[in-house]
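Presented sequentially are two complexes of subunit A, the first with subunit B as partner and the second with subunit C.
This part shows the complex of A and B:
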């Protein structure tokens, strides 16, 4: 145990996800020896993230204003909405530079084992958005795991009655750089059923 | 180096660190096992998709200091594909997994019957031949029997007098005769008790002919019995989609 403020800092850092006691100690001593200007910048960034960041009224993504940068951008196609679980998934799709539409962040996936049902997610907001706006395509980009697939299944059921709406799901298949013999049956099965003519 | 191998069903997964997961399985020989699957959240993982909930797998474990480590996995039955494709089956399947997790409280204690019950229930849900709500109720009744809490349906739960009896008491453990009837006992329809008996014994033609009212009442009584014995609410039960039939909370 260290004295007062150092131990307090180690304890606080240790509460962050993925930071164990050893890492917390290492970061604390790094901060102790850091330039005061760097510490002031970190302090400001921490304060700003809590006070200045809100969730976008339209899509639920993190934003500095009531409406996020992507929803404000008139060049983005309002007819195409990509549904993701978390704000970090928006960034992952943006990095591809392939998608020019807008997003809808659900805030998680359906997980009855953790008590998360449709009412705990932003499903109602998605349905309202599709009813009100000129949305022609919804891309379901939930995670390719059990909860993400079940969420996509549920959304397909809720969206199929909207006239003129196309609902698509991200393709699923084999990753680059792998060996076929190591592919699991589920992924290989999907890669086969979703094969395309070349 | 201590390795062991077993077959099991993945009950739940929890994130651990950057890309690992803690996998909880109910296994044939070693009961409930919690083990670490390293790197399975990466898209390049060799067995990430095999250790998802509902998967019936053949696993090799390495005995660790606190938690064992999963080193190899092979799929026996990919129940997940059939269950995830239907929301009703998915919510019923989650309730099956959570019940199995609660009933196999001790890690390492063999629970062969529960393991067989879970695989049977998941197989029925993945097939989609039977109503998912009935499959779930049949599983819950049989799982309670495994735990020693089989509800009395044909006789009085207290004095064993042959029935059928009209009253049903959750704290007493099933139907009760007029002499043993405690205050506050419910009076379910006779069809409901017939349905519960059919589900417990696997008489599917009788169970499938039951009316919607009997199914709704039966589901409510079964959920109440299970949660009374477990002394806690199951998170997944209120979220079970029963085609408009409330889950009986």
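This part shows the complex of A and C:
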């Protein structure tokens, strides 16, 4: 145990995700020796993230203004909406540069063990958005795990009754650059059942 | 399939052990408490990622050490693969195959197949239904590693659904609707994963039944005939011949039956806050001439039945075309001479069998092969 403020800082850092006691200690001593200007910048950044960041009125993504950059962008197709669990999933799909539509961030997935049902997610906002706007396609891009699959199934049921709406689910299968021999049988089995003609 | 090399570090009582194993019989002899079982337990761990003695990994790590390492070289069809497992307390275990890290430890399942018979197996006959369900599921995974994923998915959906039933039950009693609208979704997922697990278990019992009956008649010819059967919580809603030799269960039929049972039993499930139908409520029934083995079988008969389940598993895997490594942990001492000889005959024909015994005389003469002396933290090959 260190004395006073140093230990407080280590404890606070240690509560962050992905930071263990060793890393917390390393970061704390790095900060202790850092240039005061660097510390001031970090302090400002921390403050801004709590005060300055809002969630987009339309899609629920993190944003600086009331409407996020993607929802403001007129070049993006408002007819196609990709539904994801978290803001970080938006970034992951953006990195592909494949998707030219807009997003809807649910803020999680159905998870009764943690007490999360449809009311804790931005499901109502999604339904309102589809009935108000010219949405023709919804891509369900929730995680391919138990909770994500359940959420996708739930949304499929909710979206069934919208006339003319296409609902698709991300394909699951083999990672690129992978080795068939070492692919687990669940993934390989799914890839096989979802195969396509070439 | 055989293990050509076993190496452990900080595993159980062993600081370090290194054995070159031979095809055919390998007998580990040593007084009690010298660590014979720990060595075959390591082989079993590399095959199933679990121990036959404890439910958690912590006891596997030598006291006071940060991690245990198990390294097993497996020869199959003339090809050698090395599995390396790092068991760490409080952190995710790591696996490597031929030095390449695996994204998930689960990916090593299927490289090594073992059938292990140990004194703990008496619980298969005398213990709770959960023991027998686990026996079936472990054998399923040995036959097709994919079922490790099916089982894990089923358990996860089951826990989520139970949580929802509990909270919706509370909400209903308080007069509100809660999240009951999503229950249909969880019903559907439970039925889908449940049908796959249930169907696989029924097919397994269909394939295994005759092997167990034959195995039992072999080790206990004077006793009544032994049979196994699968009792499902929804047995009334699918054809009675499912689970009997020569049949295949239709997953669609099981899916619809499970779904219908959930809809019909919804009130009771909400009342009690648990899922009342599905493979987690089922039972593998063991009978001796139509009487349940649990309660009616003598001590000797229970032993023979447990042995017959393992020998049946071994014969089934062999019939599938991938002969597993047979591991007999401390079992000869528990058997009378005739059963010993019967077991030795089966074992002597195996591609590889690992045997542990406290006293060399307990091991029947039919099992000639490599002998290892285990004492005081060392293993030494014994040369005649």
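Simple rule for what comes next: the second predicted complex is superposed on the first by the 198 of 198 C-alpha atoms of A that agree within 3 Å, B and C clash if a C-alpha of one lies under 4 Å from a C-alpha of the other, contacts with A are read in each partner's own complex, and residues count from 1 in each chain.
Just so it is clear, a contact is a pair of C-beta atoms (placed from the backbone, for glycine too) under 8 Å apart; a residue touches a chain by one contact, two chains touch by 3 or more.
Note that this is a predicted model, so its numbers are computed, not measured.
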Overlaying the two complexes on subunit A, which is it for subunit B and subunit C: clash or fit?
-> clash
Considering only touches as defined above, state whether A:117 meets subunit B (first), subunit C (second), both or neither.
-> both
Classify the contacts of A:150 with the two partner chains as first (subunit B alone), second (subunit C alone), both, or neither.
-> both
Which partner does A:18 reach: the first (subunit B), the second (subunit C), both, or neither?
-> first
Identify the partner contact of A:177: answer first if only subunit B is touched, second if only subunit C is, both if each is, neither if none is.
-> first
Which of 166-174, 184-192 or 238-246 in subunit B clashes with subunit C after superposition?
-> 238-246
Set intersection of subunit A contacts, subunit C complex versus subunit B complex = 110-113, 115, 117, 146, 149-150, 153-154, 157, 182, 184-186, 189
Within their complex, subunit B touches subunit A through residues 12, 17-18, 43-44, 46-50, 52-54, 75, 78, 80-81, 84-87, 90-91, 94-95, 97-98, 235-236, 238-240
Of subunit A, residues touching subunit B in the complex | 18, 110-115, 117, 145-146, 149-150, 153-154, 157, 175, 177-178, 182, 184-187, 189
Touch list for subunit C against partner subunit A, complex = 97, 100, 102, 104, 106-107, 110, 144-146, 149-150, 153, 156-157, 159-161, 163-164, 167, 178-179, 181-182, 184-186, 188-189
Spell out the residues on subunit A that touch subunit C in their complex, using ranges where they run on.
-> 110-113, 115, 117-119, 146-147, 149-150, 153-154, 157, 182, 184-186, 189
